Every structure is written in structure tokens, then in C-alpha cells.
Amino acid sequence: MSDQTMQGGTASVPGAQVAPDTSDHDALSIHAGPQGETLLEIDHVTLRFGGVVALNDVDFSIKRGEILGLIGPNGAGKTTCFNVMTGVYTPTSGEVRFNGKVISGTKPHKINQLGIARTFQNIRLFPEMSALENVLVGCDARHKTSVLGVLFRAYRVRPTEDQLPDNGFKRAFAKVFGMSRHVLEERGGRIRAMELLKFVGIADRAHELSRNLPYGYQRRLEIARALATEPELLCLDEPAAGFNPAEKEDLMDLIRRIRDLGHTVLVIEHDMKLVLGVTDRIIVLEFGQKIAEGTPDEVARNPKVIAAYLGEPDDAA
Amino acid sequence: MIRSSKTWQVAAMASVAGLVLSACGTTDTDGGGDASGEDCNFKIGVMGALSGANASIVLPSVDGAELALNQWENDECEVTLEKFDTEGDPAKATPVATQIAGDDTFIGVIGGAFSGETRATKSIYNDAGVTMVSQSATATDLTQEDPVEVFHRLVPYDDYQGAAIANYLTDEVGASKVFVVDNSEAYGEPLADRVEETLGDAMVQRDKTEVGQTDFAPTISKMESAEPDAIFYGGYIAEAAPLLKQIRDAGIEAPFVGGDGLYGADFGNAVGAAGEGAVVMCPCAPIEEDSTFAADYEEEFGSAPGAYAAEGYDAMSVFLAALDDGARTREDVEAFVDDYTGEGLSKEIAFDENGDVPQENVSYWAYKNEGGTLVPEVEVTP
Amino acid sequence: MDFDALISGLDRHTLDGITRGSIYALVALGYTMVYGVMKLINFAHSEVFMVGTWAVLGVYTVLGVGAGESLGIVIAATLLALVGAMVASAGTALAVERIAYRPLRKKGAPPLIFLITGIGCSMVLVELFGQVFEVFFGPPFGRVTVNIPSVLETKELFTIPGIDLTITNTRVIIIVGAVLMMLALDTFVNKSRLGRGVRAVAQDPDTASLMGVNQNRVIMLVFVLGGAMAGVAALLYTIQYDITKFDIGFIIGLKAFTAAVLGGIGNLRGALVGGLLLGIAEVYASTIWSSEWANVTAFVVLVVVLMFRPTGLLGESLGKARA
Amino acid sequence: MSQIFDTIRGFSIRDRIAQAPNWARKVGMLLVIAFAFYLPFLNILPFAYVRTDLTSRGSDWASVLFLVVVYMIVAVGLNVVIGFAGLLDLGYVGFYALGAYSIALFGSPSSPVVEALQNRFGLSETWAVPFAMCIPIAIAMSLIAGVILGAPTLRLRGDYLAIVTLGFGEIIRITARNLDNVTNGATGITNVPTPPGPETDGRAFFNTVDAERWYWLALTILIIIIWLAFRLEHSRVGRAWLAIREDEDAAAIMGVAAFKFKLWAFAIGASVGGLAGLLFGSKQQYVEPNAFMVNLSFLFVAMVVIGGSGNIYGVLLGAFLLTYLPERFREFQEWRPFAFGVALVVVMILRPQGLVPSRRRAREFEDRKVEAEEAAADV
């Protein structure tokens, strides 16, 4: 397979500073709409489980191209907020709009296709798949081949020059009859997946089972897998949990580079330093309610926020 | 790569070893004994449910055939009886039939014992020209709708049996309101259909049950409102036993009549006290208790001849007569059996162009369950 | 299609259905208890029931009793048969657990493996009675239907006036017996100390073992209880139908399992509701059409119920059996 | 027993095959296929002892091979459902039956359906739908049945799915038995057509006696189906199934349409089952409802699980062993079911992951074992 040649990439040692990524990632950038426009709106969303109110009239929006932080003490409803956005829960009242389209009540995989991807607080990779395969599952979200297409490969497309096979006979055949879209997608997917692994800095262990990867690699693999679905909006759920300061630095850099590719990023994080350092804007939740919103400076000075965090000093660490 | 080259070495050695060993010889897949016209070494197959729930209807006929072979006196010929268990399942019967068909030393087959397996295999035997003489397959279509050259049977088909049962119900029992129950299976349903046809207005209601059913409450409540003066059940022993018990428990005392599916040695034991007086109809003539056959059978197998033992004996006798007559090929046997006439244990044997025994040669008997054994009651005509 | 027959005898058919369903429900308890605690389908449970019917036959044979005994002997023999069937069935269930399931549990095998092993155990038990014992002991073992003497003969007890519904003693014994056993089991699981252990393991095995509940003991207890209920069902079955056979377990087991799922597998009261509903549905369908459609009706009812209530009528969970 | 497995593992056959040069693997594959085609005539000692017709009470070797291959097709199809998608289907025999019934209903001149068509359109009495047309009909019918069964039930959890599918298999059989005017009821349908072919020795090419031709036909179909199954496994579809098996919610959030892929698994499994049923019915030339009892479903699942669910080679082995061994040892006729049950229990206890598990499955088992041991140690 072609990915054999891709191995190597940026070698890095877990825990140490990841070498700056030098390869060309233009191929990874996505085509995003006009910057600064509203991308996602959480419109007065309330979510109740029985008598418990998990989200109470939460209302905020994300603009295209920004890095938005979502913070709050444990149990404030941050992850629940993600779950509402990604279709796991349907809000009791209010609605979620993405690109102006109501998405609350839509099934999770449909929401992903619309352009929202996320990572999980407690890592949820596919443990028996290799790192590359995990990312490939993400790439598949953008692939069009149907099950019948996989079986019979009847859908042919005209390949570009560099997609043509080397073997003379096969090359001639492909020129006349075109190539199966499935084969091209599969090949393209592998190349893209490998690029993504390089982008997050874990390409050196692309063929290892994800369950055998070190913790930091698993976190980054989740990000790569989410990026593979080419989301306009990427939601990171506590991406720095369990990281040491050096790794956190890397992560901040990674988040900025993700934004530079054209993605909008929403981060849930406990670590105030990271959030204040990387985000453009911050929303603060407490007990399912929005208590503050603003630039990192504004939020850091907001007395309500300080009170909320001082009230639970353990979690603010 | 070093490791893999080792693999190829191993593979090469294995193939050489295989070639060397192959020189050792080949197996005789014909299963011994080449058939040639001169020496008379033949096999006769018997196929049927030799194991499984319905074996008790088949095994006596196999024993009967064995007895006929043991009693046969012929210096020229060596005949063995090969038993094939099909569990009564058509899917299991086809490989057996293909095996028999492909082995030229088989000159005939006794069976199939049941209609389903016979339906599935008769074209195989027909293609190979193996003569079949069935001791107990009674489905009408086997000879009437879809006859093949090689199939013969010693029992009348369901049409006649159904008529005989209906006649018994109306004439002997004097019933005018018969409740007909069947087991929805290939055996019970067509038989019950024939009974229904012949009964005409004398049938009050028909109900269908399942194989494996034990709770017949819905059928019983239908009976209670129909108030029949006789009940016919087309099915097997396993369901007849709980059905009878529940009929009697409900206080319905109408006579109970069953088809030959109930004609087995274990009927009396299975139905117990509730089955006292129940009648089983069978196209099999009773074997005189003092006859030599019954005595020989008892001596050989340690029990009184059961269902279709005489038919099994007769089927074997037909084949052996063919060999006595000098038949040495499948064609000879087929020609001989087609024209055969003779006095059998069960009846006067002859086969019409469809392979059926002429109707006038057949006798139907009603057997009554008395104290756990089936006692011949009366002969009935269709 | 005979709806008139159904309507005109609705009381009678419902009673028939309840009788049939009572036995399903008792057998269903075994499936439900094991599922509730271990989250697996014990496919050999149908044979646990079958062994019980043979035990009844064995007890009657040893005692030498038959039809028409005096009342005292009838009661004594039936009680002995009850004990015999419960012991035999519980013992079989326990043996299956110890021999087949425990090694798998040690390996942490997924449910599918338990399923295949259960099918294997079921075949072994069927063949023991249909083949192996016949070779060693001869009749009554083997592949034939065996009559069990009607020690407890069916007698009319009384007729409900007005609707003209005759009640027999066997019906009363079956329905009352089934309900009593179920109440006893329900009380045991909910009230006793051992029962608390069962519920604890059902809710959260890990926490339960941390709290000092011996999981193996609980699982054994569950198999024994389920087996004993199948034993009761076996006695009631023989009283009603008078027969046994090496393969009678299969269909009853299938129906009982359907009943358990219908009511909400893992839920004791669900087993009762599911069993009765299934019995009634089958009898109604058999009356409207005929018995050949009873099984189809049973499964259609199951599919329809699951479509609207994906975890059965009463929902699952042995732990929350009180709810 | 486990020592034997360890020894076999010592050879690490899989690694060696994987390391072999590409041409060698291709040649090896061709040799295996050639050998498979030659198998009916295998008559060289000591290999010929595998034959089932060594004694005159055996059963025809080529017929047994045919049945083995038909069940292999079934196993490969069911493996898509159980092994790939992780859905427990206990009613697979229903699709098998549908395949057999479709060719019987439409292809046999004596089926009530064909007779109705004859009357309706004034066709001759020997007219029936040609064999070639019956194949798409059979596949379509079982596929539609798969979708109809799957669409409402696939949302159910594993164990519920098991009982519902089991019920479905029974509904198909009972309906086929009860609808006398459509399926001839319990009597079944005769004169099921065979594939067309040149007449040889005065008989149709696919006749009842020369079973090896049927075997070759089935084998060809099996090879095609295996090839397609591998395509599925190593594609986005196979990855989606694996992802669903491992973490359905996470897969959905990553854009995997879980329900759609599960339904596809069901539909693909169903149509493969239907194709196997069609072969069976055509060879048998007779179809009756009792050939499709529930027990057959259990046998199919046992093939997949014993062989090694998820691994195509494993399920092929499972299908082979469970079909072949009972035929090979016919002389123990009465004892076979007992031995079968014992073998099922013993194999599962000693090797719960199956005889030839997929590597992923084997690792999952190791994990579970460790977890179980840890849990036991806690007590």
C-alpha cells in the first residue's frame, strides 16, 4: 500500500516538545465561508432530564473563524452543551442553528455531515483499529462510495495524471475505462489520513493499534479523527486533560494551526491558562446557565466568574 | 525473507512426501464388490428414519426386510442389506440416494419410508435406474401426479386410505358428525383432506394443529361446541397422546380414530389410560400371531412384528425373487418388478403402471387400543 | 376466521390462555433471572424443564402410583414429585452453570459464546434422554413419547354460575400454583438477604462484589432458583398433559423465552405478564384461525410490542423488580 | 487440545503467508482453488480417507461437498451480519428458505404461482420463469425480506434482536407451510428447475446423479462471494462496521450512519443466504417447509462462532467441520447429535474466540479475559 512510504513523518517523543510541523498542509485546509459570520447559534436552549435542569436557557453563538472557549466548573453543563450540538440530546426547548439551519433533533451522523465534529472528554477511539484506520473512519464521512460501489466498483471516474497507476497495462486500462471512485477515495483517504496524523504530530505510530498508543497520542488522534471529517466547527472536549505544561503549549499551537486551516474551534477546558491563552472569546457556564461572555480579559476580570471558580478551587487547577 | 524461504522448503517437502505417499495406492470408493453380470454380488439399500422420533414406524420394516434376506436360499448370489439413516429428512436423503445411485452394486432400494424423502429422491433413483419398492410412503402425488418409472409401493395411497377411514367412521362407528384434526404436516394434512372429502356432510368441523404442540385447549373448545360423535386425527403419536388426554379430560367420549401415523408399537404406551379404545387405521393386514413370520420375527428381533414389518419383508422378497429369476442388472430388476405378481405376507402383490398395488389387493384394518396394544378389530374397504 | 367462536366463548378461551401462559411464565422466570444477573440467554434452560418432567415420571415409577389412588396418596405423590422435579431441574441448571458457563465466565467470553455453549448443552441433555440413557437403561428413555400416569386425575370442581364456565381441579392447581410460586420468588428476591445480593449483582456486579457479595454464589443461586421454577412448571405440565419426551423442552423453552422478552427480560413480574399475554394471544389466534397460526401470532405479538416498547412491556432490570 | 493450538500457533502460518512474496501468494491461492475443484475426484491414499463414501453405507462424496460449499456460502453471508456488523441473527434460515422458495415458486412448472401465471396469461403448461431470471428474483426477495425485518428491529439491543430474528425464521417456515394455495403447503414443490447446460450422456448437465457439477457451480459462486466479502471488509464499509461494533455512539458522531450500515449488513447477509437457498433448492429439485427448521439457524450460527466470527477463513472452516464431520462419521449415526453437542461445549470452553479467530477478535478476547481475571481477583 502507498502508505508504507508515508511512514516516518515527524518523529516525536511523548512528553517532549513536538517538533514543529514543517510539511505542507495546504491540502488539509478546508473551504470555509466568509470569516466572522455567525456559524452556530445556541438559541435559548433548555434541556431537562426528568426534574433535573441540565441546561437552562443557554444562549450564545460562534462566529466563523474564531476560537471560542467554553468554561465552567464541573457539572456546569459544558459537555451537555456539546451533546446538544452534536445531536446526542434533543433540547427540551429552544433550538440550535448551524449555518442558519436548525439542527436540534437531527441525528448525530447527519450533524457531522453538516460540518460539526468533536472529541470526547473520556477518550473514545476505536481501540482495535490502528491510528490510521481511526482517522480513515473520519475521512469516510466525506466519501461518497455506496456499499454497492464498494462491492462492484461500477462507478468510474476519470483519474488525474498523478492518480494513474504506474503499471503500463493498468495505466492504459485506467485511461480508457477510468478508475473506480472507491479505489480513488480509498487511496486519497489514506494519504489525507496520513497527512492529518503528521499534522497532529503522531504519524510515527500510524500503524499501531490506537489502544496501545500513549495517552497524549490518543488525545491527538481524537483530534485528527475529528478533523478528518472536514468540519467547519471542531469541538474539543477538555483536550488538555492530563497534559503537562509542555504538552499544553503544543496543544495551544495545534489549536491555532487548526484554526489557520479554516476550521472554527470550540474548546471546553478547565485549564484557565490554556483557555485564556488561545481563545478569542469565552463563554462561562455555571449550573447550566450562562453567567458570562466576552474576551479572555473581560472574563478573567468578571467577578461572577472568579466567584464560581474560587468556589471550586480544585477544579480550576 | 529467510523465514519465508524456510516455508517454501517445508511446502516443497510436503508436496514431495504427498507424491510419494500417493504411490501407495487409491481407495476403492465403490465400497467393494464390482458388479459384473457373472458373479452375483449385490446390495439392496433401505433408507428411512432409522433414528429420531419417528423411527418406530420405520425400524420394524427394516427388520422385516432383514428377516426375508436371512431366510432366502440362493447359492449363486450374495446379497447384503445396507441401511441408510435419513432421519426422515429429505435434505439428508439426497446424498444417500446419490450414493446408492452411483454404486452399481445396488440393484434396488426399499423405501423411502416417508413421502417427503421419497419425493426428494425418486428422480435421482429414476435417473440411475434403481428400482424402489416403498413399504410405507403413502402420499398420493408420488404415483398419481408425478409418477416415475422406478417407483413402486406396497401400500395404497392416501386417497384410498382417506376413503377407507371415512367409511369406517360412517359405517362401523356410525358417526354423522365427525371432527377432523390434522397436524398441518405433509403426512397428516393430505390424509385429513381425503377423509374430509369422503365424509362430505358427515364432517362437522376441521381444525389444524402443530407438530410439537401439547396444549390443545382451543381445539377442545371447538370440539365442545361442535359436539362430534367421532374424532379423526391425522398425525403422529407424540401429539396424539396429549390430544387424547385432553379430549377425555374435557369429558368428550366420542370415539377417537387415527391414521397409520399412529400405528406404532409405542402408541399404547404413549397415550396411556386416556387412549383406551382409540382406533388406529392402517393399510396393513394383521399378522397372524401363530404365523411362522411372527414367530421367526420374534425369535430374530425379540419383539412382535411392528408397523410395516410385513411390507418390509415383502419388499425384500420382491427383489430376491428378481435375483432368483436371473436378473443381474438394474434394468433386469426393474423389468422383473414391473411385471411381478405373487402372494405376499401383507397382500397379493402386483404393480400397476404407476407403481401402485391394485386397489382390490389392498386391505385396510382398524386396530383398537386395548390395554396398551393394538388389536385388529375389523377390515374395511375404501 | 371465526370471530364469533372467540367472542361467544371469550371467558373460556381466556382461561385456557391463562392456563397455557402460566407454564410459560414459570419457565420464563429461569430465563429472566439468569438474564437479569448475567445479561445472557441460558439456552439450556428449556432442557432444565425437560429434565423436570422426567423426574416426575421417575418419582411416580418409584412410588408405583397410577391413576385412581386415594386422596392422601395422590397428595403425597404429587408433593414428592414436585420436590423431585424441583431438585432435578435445579440440579441440572446448576450443573450447566458449573460445567459449561463458569469456565466461560472466567474467560470473560461475550454473550454470543454463552449462547452457542447453551445450545450445545441443550443438545447434550436432549441426547442424554433420547439416546444415551436408552442405550444404557432402555425404555422408557429414547425417542418415543412416554406416558406419565395421571396420578392427579382431572375432576370438575365447580361451575361458575351465569357464564357457565366449568373449573377443573388441574386448572386451579396450575394457575394457583404458578401464581404462588411467582409471588414466593418475588418476595424472596425483594425481601430476603440473599435476594438483596441477587439484586445488587443485577444492578452493578462490580460494586456488589466490592460490598462483599460473592458473585459466584449469587449466580449459582440464580440458576438454582430458575431451575426450581422450571421444576414446578414441569410438574404442572405433566399434570395437564400426561406425557414427556426427550425433545419437549424446545418449544416450551422458545415460548418461555419469548414471554420473558415480551414482559421485559430481567423483570420477574414481566415474565408473568409476558407469559400470560402470550398464552392468551395464542389461544385467541388458535380459536379465530387454528393452532397452525399460534406460533406466528406469538412472534408477531412480540415484534409489535418491541417496536413500541423496545425493552418489553414492563421494562428490564431484576434490580428494579419492585418498580 | 490447547497444546495443539499452541503448536499450530508456533508455525505462525498467517505471518508466513503475509510475508510470502506476492507472486507466491497468488500461485498458492490458485493451487488451493485448483485443489478444491479437484476434490470430488480425490482418490489418492492417504488423503482419500477424507471421503465420505468409503463404506457402502456412506454418502456420496460430491453431494456432501456440495452441501459443505452451500453451507460455506451461508457462513460467509452470516459472517457479514454476525462477524462484521456484530448483529446476532438467529433467523438466518428464513432467508435461506426464501431463496429456495423463490426458485421453486417461480421456476417450477408445478408451483401454484406459476400455474396462476400460466392461467392468467394463457401460457403453456410447461412454461415457468427461466432459471436465470429466478436468481435475481431470489436475491431480491431475500434482500427485501432482510430490509423489512431489519428496518423496524435493528434499533433493538442484541438479545432482543436475537429472539425477533428467530421468530422471523419461524414465521417464514410456518407461513410457507400454511399457505397451501401459494406454496403447496406442507407437501412442498417438486420440479424445481436446474441451471441450463449442455446435455451430456442423455441427461441434463446439472442432473441428480453427477453431483460434482453442482459442487463446481457452488464453489464458483462461493469464490465470488468470498472475494466480494473481502472487498467489503477492507473498505469504508468494513471500517464502519468495526467502528459501530466498538463504539456505536462515537461512530455516529464521527459521521458513520450506523443504522444504514447495519441495515446493509442485514440486506447483504440476507441476499447471500437467499442465494445459498436457491442453490440448495435447485440441486434438491424439491422444496418443502420442514427443510428449514429453527435448528438449522442454530447450526449456521454455530458454524460462524466455532470457526471464528469475523474471519472469513475461520467461518469457512467452521462450516466445513460442522457439515463434513457428521457425514464422515455416519457409522455412528445415533451418536452424532450427542457428539455434536459435546463438541460444541468443549470447543467453546477451550477456545471461545473460535478455531481461527480474526486477529482483532482474538485480542478482544484476551482483553476480556484479563478483565474477568482482574474482576475475580478483586473478590
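In this document, chain identifiers A, B, C and D correspond to the written order of the chains, with residue numbering beginning at 1 in each.
In this section, a residue touches a chain if its C-beta (ideal position, glycine included) is under 8 Å from a C-beta of that chain, and two chains touch if they have at least 3 such contacts.
Keep in mind that this is a model prediction, so the values were computed, not measured.
Peer 1: Any chance you could name the chains that touch chain A and chain B both?
Peer 2: Per touch definition, common to chain A and chain B: D.
Peer 1: Give me the chains shared as neighbours by chain A and chain D.
Peer 2: none
Peer 1: Where the centre of all protein Cα atoms falls, which chain's Cα centre is nearest to that point?
Peer 2: If we average C-alpha coordinates per chain, D lands closest to the whole-structure average.
Peer 1: What is the distance, in whole Å, between the centres of chain A and chain C, each centre taken as the mean of its C-alpha atoms?
Peer 2: Roughly 52 Å separates the two chain centres.
Peer 1: Centroid from C-alpha atoms only, then distance chain B to chain D, rounded to Å. What do you get?
Peer 2: 32
Peer 1: Return the distance between the CA-based centres of chain B and chain C, expressed in whole Å.
Peer 2: Taking the average C-alpha coordinate of chain B and of chain C, the gap between them is 36 Å.
Peer 1: Of all residues in chain C, which are in touch with two or more distinct other chains?
Peer 2: Those would be 131, 292, 295.
Peer 1: Which parts of chain A, given as residue numbers and ranges, touch two or more other chains?
Peer 2: In chain A, no residue touches two or more other chains.
Peer 1: Where in chain D do residues touch two or more of the other chains?
Peer 2: In chain D, residues 177-178, 334, 364 touch at least two other chains, as defined above.
Peer 1: Of all possible chain pairs, which ones touch?
Peer 2: A-D, B-C, B-D, C-D
Peer 1: If you look only at chain B, which of its residues touch chain C in the complex?
Peer 2: 51-53, 55-56, 184, 207-210, 212-219, 221-222, 225, 237-238, 241-242, 245-246, 249, 251, 266, 269-274
Peer 1: Which residues of chain B touch chain D in the complex?
Peer 2: 1, 3-4, 7-8, 18, 21-22, 24-27, 29, 31-32, 43, 50-51, 80, 82-85, 89-91, 94-99, 101-103, 105, 116, 119-120, 123-124, 127-128, 139, 141, 146, 184-186, 189-190, 208
Peer 1: List the residues on chain D that touch chain C in their complex, please.
Peer 2: These residues of chain D touch chain C: 82, 88, 152-153, 155-160, 162-164, 166-168, 170-171, 174-175, 177-178, 294, 298, 301-302, 305-306, 309, 334-335, 337-338, 340-345, 348-349, 352, 364-365, 368-373, 375-376, 378-379.
Peer 1: Taking the touch rule as given, give the residues of chain D at its contact with chain A in the complex, in rising order.
Peer 2: The contact residues of chain D facing chain A are 228, 231-232, 235-237, 239-240, 242-243, 246-247, 249-258, 261, 264, 268, 360, 363-364.
Peer 1: Mind pulling up the chain A residues that touch chain D in the complex?
Peer 2: It comes out as residues 86-88, 107-109, 112-113, 117-118, 120, 124-129, 133, 136-138, 140-143, 145, 147, 150-151, 153, 182, 185-186, 189, 209, 225-226, 229.
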